[in-house]
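Presented below are the structures under discussion, each in the form of structure tokens.
Each of the next two complexes has chain A plus one other chain: chain B in the first, chain C in the second.
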Partner chain A sequence: MELTIERGSLLKSLGHVQSVVERRNTIPILSNVLIEAADGSVSFTATDLDLAIVDTVDADVKQSGATTVPAHTLHDIVRKLPDGAQVAISLDADGAKVKLSAGRSKFTLACLPRDDFPVMSEGDMPFRFDLGAADLKRLIDKTRFAISTEETRYYLNGIYLHAAETDGVQMLRAVATDGHRLARVELPLPEGAAGIPGVIVPRKTVSELRKLIDENDEVITIALSDTKIRFSFRNAIVTSKLIDGTFPDYDRVIPSGNDKSLEVDTKLFADAVDRVSTISTDKSRAVKMELDTDRLTLSATSPENGTATEEISASYGSGELTIGFNSRYMLDIADEIEGDVARFQFADAAAPTLVLDSADEGALYVLMPMRV
Partner chain B sequence: MTPTSEKQTVILCRDCLHRQKPPGSNLTEERRCIRCGSPRLLRHPELDDLMIAHLDCDAFYASVEKRDEPTLRDKPLIIGGIGRRGVVSTACYIARINGVHSAMPMYQARKICPDAVVMAPNMDKYSLAARHIWDLMKKVTPLVEPLSLDEAFLDLNGTVRLHHRTPAETMADLIRQVETEVGVTASVGLSYNKFLAKVASDLDKPRGYSVIGRAEARTFLAAQPVSLLWGVGKAMQQRLKRDGYTEIGQLQSVAPDTLMRRYGAIGQRIAQFVQGEDSRQVHADVKAKSVSAETTFSDDIHDLRLLNSTLWRLCEKVSRRLKAKDQSGATVVLKLRTIDFRIRTRTRRLPSPTQLADVLYRHGSALLSDEADGTAFRLLGIGVSGIGAGIDADPPDLADPDAVTRARVEHAVDQLRDKFGVGSIGKGRHMPPKLGT
Partner chain C sequence: MSLRLLPENIVNQIAAGEVVERPASVVKELVENAIDAGARRIDVIMTGGGRSLIAVTDDGRGMTGDELKLCVERHATSKLDDDDLLNIKHLGFRGEALPSIASVSRLTIGSRKSDADGMLADDAWELAVTAGQKSNLRPASLPAGTRIEVRDLFFATPARLKFLKAERTEFGHAIDAVRRLAMAHPDIGFSVTDGERTRLRVREGSADLFEARRARLIDIIGRDFGENSIAIDAGRDGYKLTGYAGLPTFSRGNAQYQYMFVNGRPVRDRVLQGAIRGAYSDLLAGNRHPIVALFLDLDPLSVDVNVHPAKAEVRFEDSGRVRGLIVSAIKHAFAEAGLRTATTASQAALGSARPGGYAGQGQLSQMSRNRPVYSQHAGGYGTPGMRETTLQSYAPLAQGNTEGYAAEPRARMNENPGEIEDAAAINYPLGAARGQLHETYVISQTADGIVIVDQHAAHERLVYERVKQALLENGVARQILLLPEVVELDPGHADRLVERVDQLAELGLVLEAFGDGAVVVREVPALLGETNVIGLVRDLADELAELDQSLGLRERLEEVCSTMACHGSVRAGRALTGDEMNALLREMEATPNAGQCSHGRPTFVELKLHDIEKLFGRR
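Here is the complex of A and B:
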């Protein structure tokens, strides 16, 4: 194997795959990235056995071949090379070492044979549909903040992707919850996605996907079975196992009869919450909302720090109400609201509150109040 | 306990609280109260200067049962586990004459005291009586530190102005009230610190009242065995014995830093105690750090279904106690003892604090199923730590829509039980499965 590649495109490609590799591995081959060179392009593959990413990039391949080298070491080297450098990579004749050179820098890396590198079996993937990168980005961005990290409820450690019906229209829905907040985003069901099983895409897969989507206007092909999902980008393929569990019946926790409606300027609200929460204690981060006719008063009290209050104008006319929320959770939601106006729908100080985006009808958030 | 020349001995009648006057007359030799004729006289030169009391009920569970069933009064009564592996939790003083003591295996107790009436404990009843005593103590001083259901420390500093009585009088009055209002007897130890107050209350049980003053504390302790020291259990006794110490007097001449070097933190405490010193304060509101329940099986169990049915019963017990005190627990703790007496504890932090038996069971049984690998267990326990307020328990969970329904069912069951008794209704998982099916 012998090839030359421009430093920038090599770094980008390695950047896409190297974060799949765990920093500590008990199986040495899993620390390595698989390099496969053939026909004017080179592919880099990394896996943790639950998730595999293959990224392909153009290169000047003099001799095709394949090997594996430590992923983080290779990434660090390339990162430190000067911008615009041409990087030459070659495998020596006995297949034991990889030589890397750029300008006056020369490196020799220990390698492991490609045959040892685990290949993720994909099995049969009976469903296949296309999704625009912007749509996938929206599904991920507006739900991922609510993914739980609680290990005992592993089935909450991802985004639940499934088909559902809203007002008689078939939708593709993404849902995530940690029990305290829930985010639900939907878009019209793409062709080919009818009848897909509900699947839970793990948190790590979600974050790797998100990196690949950035500023991409391409179409992504999604294929899936009950146990695996594959996202095919123009130059990259992400294959992941799915979380084997049952996502809770979330529909029942989305309130439908909340009759106290509040509308606030999203930015004004988020900034005020952020300021007031400076005072609230690290542990609870509680911020109190006091509502009166067309007025919202945000406040926080901490026995150690003091107090904070801020009043903002709002559209509200459903009688006095005092309710508390975790400020972090409110800010997470406000961050994802695109519209100028955020709409809250309350029932009472103890019941789940609905938050809606004036600019995105397909997005919906549920927030549990806190005692204040 | 010998009168000193500088201080006049104070003599107090425990029954009518009469102080024997006039001072200076030769009443020290008087055997009975000059007012009511009671022989129960307290005499001590420091009687008016001692502020720390320890109140300890006499054979509490047995006393409550005897109070409610007068025909038992003159019979030996043993309260404890009635199963094959049951142990004695309380023996009345008649049973104690035969050598029965608490923590003794029940079969042995029955053997040495065949006439004894054996009863299973009725904790609800004892809690009620204890609550009553607690209320009486709280009227005396806010500084009451409970040690268990039936014993507590009281700090009586400052109560003289409040009650216009000396602490000794206040305590005499208190145990009189416990006898008349609650119907059980208690013993009191009065001294100048917690360690000695507790030692004193044990000196002339039952219905005792002992006083240890500063003047005689060291001399008194010198002749006592080291086991009297707080924190010195069997293992420590063995260690001390190996080093040649069996009586406290032998330790009194050892330098504190030698004891600390040799025995560590406990050595430091021992050094204080042997001199009759104890710097610990009486703390009111000592909050429980955990709430738990456990049981020892009459036969070792390895079957997960059987273990689970017991686990459920224990979860209900823990939950009942949390609900009664309006508390919640943040972490579930499972405890197992294998047949070779090894203890296994497994903990799991809950997504949110709980007081529900159902939640305890869900997490407890998950921990249990990881351990039930065919190993036979002789003990199973479940508890919670991270005790918090009841209002924080079981907030609605967006990821568990059924939780609200399960909580409602449990509260409905609780209400039925309040009305018709604990046995009136229960879950099917309470029923032990038939083996071999």
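Here is the complex of A and C:
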């Protein structure tokens, strides 16, 4: 194997895959990235056995071949090389060492044989459909904040992707919840996605995907089975196992009869919540909302610091109501609302509250109040 | 095979399987018998880790020839008055120990009786039993008391022999058993010899029980314990708790040094261990364990000691009350004691202090190594509250002497020393701040020494106590769950939780019954964030089953408070003004448990002038 590649594209490509590699590994080969060179391009593969990413980039390949080298070391080296450098990579004859040189810098890296590198078996993926990068980004961004980090409820540690019907229209839905709040985003079901099984995409896969989307304005092909999902970008392929669990029947916690409706300016609201919550010292940072005709008063109390209140104008007419929330939860949701107006629908101080986005009908958030 | 009653010897060997687990069990049973016999002095010899020989000699009331013949019979005891198993006043009560030991070894007992008036019998007798087979009674020549020799332990049950550990280990267990008994009986002298050397010797104590116990504990646990513990003396409704509790700053990495006694009987009991953990919960990090010696005395009718073959465990009629007493007694004693931190910390500091400069250095440091100095004031037993101690030992002369120390040129000085009422401030327990070193340590001058305060640790403690106070006063904010969690439990466990819904709700956990053997959790303490609800509820249920009380939830909340405190407090490396420093000292004096941070590290060390003088060879 022998190739030359420009430092910038090498760095970008390694950047796409190296974060899959865990910092500590008991299986040495999992610390390595697989390099495969052939026909004018080189591809890099990294895996943690649950998730694999392959990124392919153009290169001047003099001799095709493949090997594996420590991923983080390689990434660190390339990161420190000067901008614009041409990087030459070659595998020595007995396959034990990789030489890397750029200008006057020379490195020799120990390598492990490519045959030891675990290949994720994809199996049969009966479903396949396309999704625009912007759509996938929307599904992820508007739900990922609600993914649970509590490992005992592993089935909540991801985004639940599935087909469902809203008002007679078939939709592709993404849902995440941590048991305190829930986010649900949908879009019309893409062609080919009819009948897909509901799948839970793990948190790590979600964040790796999100990195790839940022740089790709393109169409992504998604293929899936009961146990695996694959996202094919122009230059990269992400293959991931799915969380083996049952996502809870979330529909029943989405309230339908909440009749007290509040509309506020999203930005005014978020800023005010942020300011008021400054006063509270504990982790939950409770903020109380007091509603009266066309008026919303936000307040927070801390036995140590004192109190804060802020009144903002709002459109409301359903009688007085006082309800408390974790301010961080409110801010997370406000961050994802695109429209100028955020719409709240309350039942009472102890029941789930609905939050809607005036600019995105397909997005819906449920928030559980706090007793303060 | 036909159904039949087992021969007596087999019955005894089966009992021995439970009662006599290892050489230490034999030592324990024999020493207990000697204590029950009113001995003033008990000497133990063990060779081969107790495998070759265990000999216990006492000067107690002894036995007649007839009693000797009877004592190795099963269920022969002189200790159960009125045949009432509920009213147990001796260490022994089953009449099981001697026959069990005799069935698995070669046993010889020699004894000479003294009657109730102390009249010594003219004759002494000896009896041998080999693997349960009694020999004839032989006349012997002996002083008052009883001598029992156990040779070739377990020779009759080779299986048991195989499980014995190294001689050293077995010896260690045996000596530990004697130590524990010796702590409970300061009026008796004990010795343990391994055939060559004396490994433990404590003399019989003085008449005054209270002082005798203190002296005995120091003999056995060590002088450090004497200096770094506070006296506990609490009681209510016929329950009495006395003893000593080690300072949190004087803790250990394992729970081995927790000596607990119920009615004079050494026990290792989970209720008591749990109570001690609870009492120190916010004073020590989870992996540190206090050193304690606690004596619980209660009506023998309120505790069942007949639940464990080695009598190591007991069952309390009201374990909730026992736990409550222990937790509150210890917490209270520490709150009262106020500012105390381990003298070992200041000793370590003194030990590493090296006189600077020129001649005589070798000699001086030699001295500080050879003669460890113990602070005289910090360790007083039964003197709660440091202010008193300090004021008592305050002497005008000492103040005169300290003046020269005030101006330390490289230290950060009080900007306005004049503003501080020096004469008054110096009389505070933590004295008047004199400066800050390395932007981390506050140095202050007290009436008879200097105090070095770790500003981060100290402030962390203050913030923690404040946060905790607020939590208790304002109630716990609760996050309502969008997805209520159903937790499956044993039916009994679920019921116990449901009985306490009000108490749990106060701590922020709202749950209700959910069919048989399950609860549904609807609200959780918001402080805990996204928490493992099932784990939390299961732990609480286990705790309720075991202790009849739930401290776990409160402990978890306190843990969160402590993390918050750590982040919310003044860091090392921040310069403080004189006023800030003095304010910190005054607040430490006013705050309970300010002597250590929530991880059990000391927040300050005090060096007495008198110790400093020793460093300079002035004393």
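Heads up, the rule we're going with is that the second predicted complex is superposed on the first by the 371 of 372 C-alpha atoms of A that agree within 3 Å, B and C clash if a C-alpha of one lies under 4 Å from a C-alpha of the other, contacts with A are read in each partner's own complex, and residues count from 1 in each chain.
Heads up, the rule we're going with is that a residue touches a chain if its C-beta (ideal position, glycine included) is under 8 Å from a C-beta of that chain, and two chains touch if they have at least 3 such contacts.
Worth saying up front: this structure is predicted, and the values here are computed from it rather than measured.
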- Task: Consider chain A as the common anchor and indicate whether chain B and chain C clash or fit when overlaid.
- Result: clash
- Scan A:T177 for contacts with chain B and chain C and give back first, second, both or neither. both
- Message: Touch test for A:D274: chain B only (first), chain C only (second), both, or neither?
- Response: neither
- Query: Of the two partner chains, chain B (first) and chain C (second), which one does A:E304 touch, if any: first, second, both, or neither?
  - Reply: second
- Is A:V366 in contact with chain B, with chain C, with both, or with neither (first, second, both, neither)? both
- Message: As a test of reading the superposition: which chain, chain B or chain C, is in touch with more residues of chain A?
- Response: C
- Given the touch rule stated above, what does A:P352 touch, chain B (first), chain C (second), both, or neither? both
- With the two structures laid over each other on chain A, which partner does A:V253 touch: chain B (first), chain C (second), both, or neither? both
- chain B versus chain C as contact partner of A:N326, first or second or both or neither: second
- Where chain B runs into chain C (options 5-13, 77-85, 95-103 or 131-139): 95-103
- Message: Output the chain A positions appearing in both contact lists, the one against chain B and the one against chain C.
- Response: 148, 150, 152, 177-182, 248, 253, 350, 352, 366, 368, 371
- Query: Once bound in the complex, which stretches of chain A touch chain C?
  - Reply: 148-152, 177-182, 248, 253, 281-284, 286, 303-304, 324, 326, 350, 352, 366-372
- For the complex, which residues does chain A have touching chain B? 148, 150, 152-153, 156, 177-182, 248-250, 252-253, 350-352, 366, 368, 371
- Query: Taking the complex as given, what residues does chain C use to touch chain A?
  - Reply: 466-467, 470, 473-474, 477-483, 485, 523, 526-527, 529-535, 560, 564, 568
- Within the complex, which stretch of chain B touches chain A? 348, 351-352, 363, 366, 391-392, 395-401
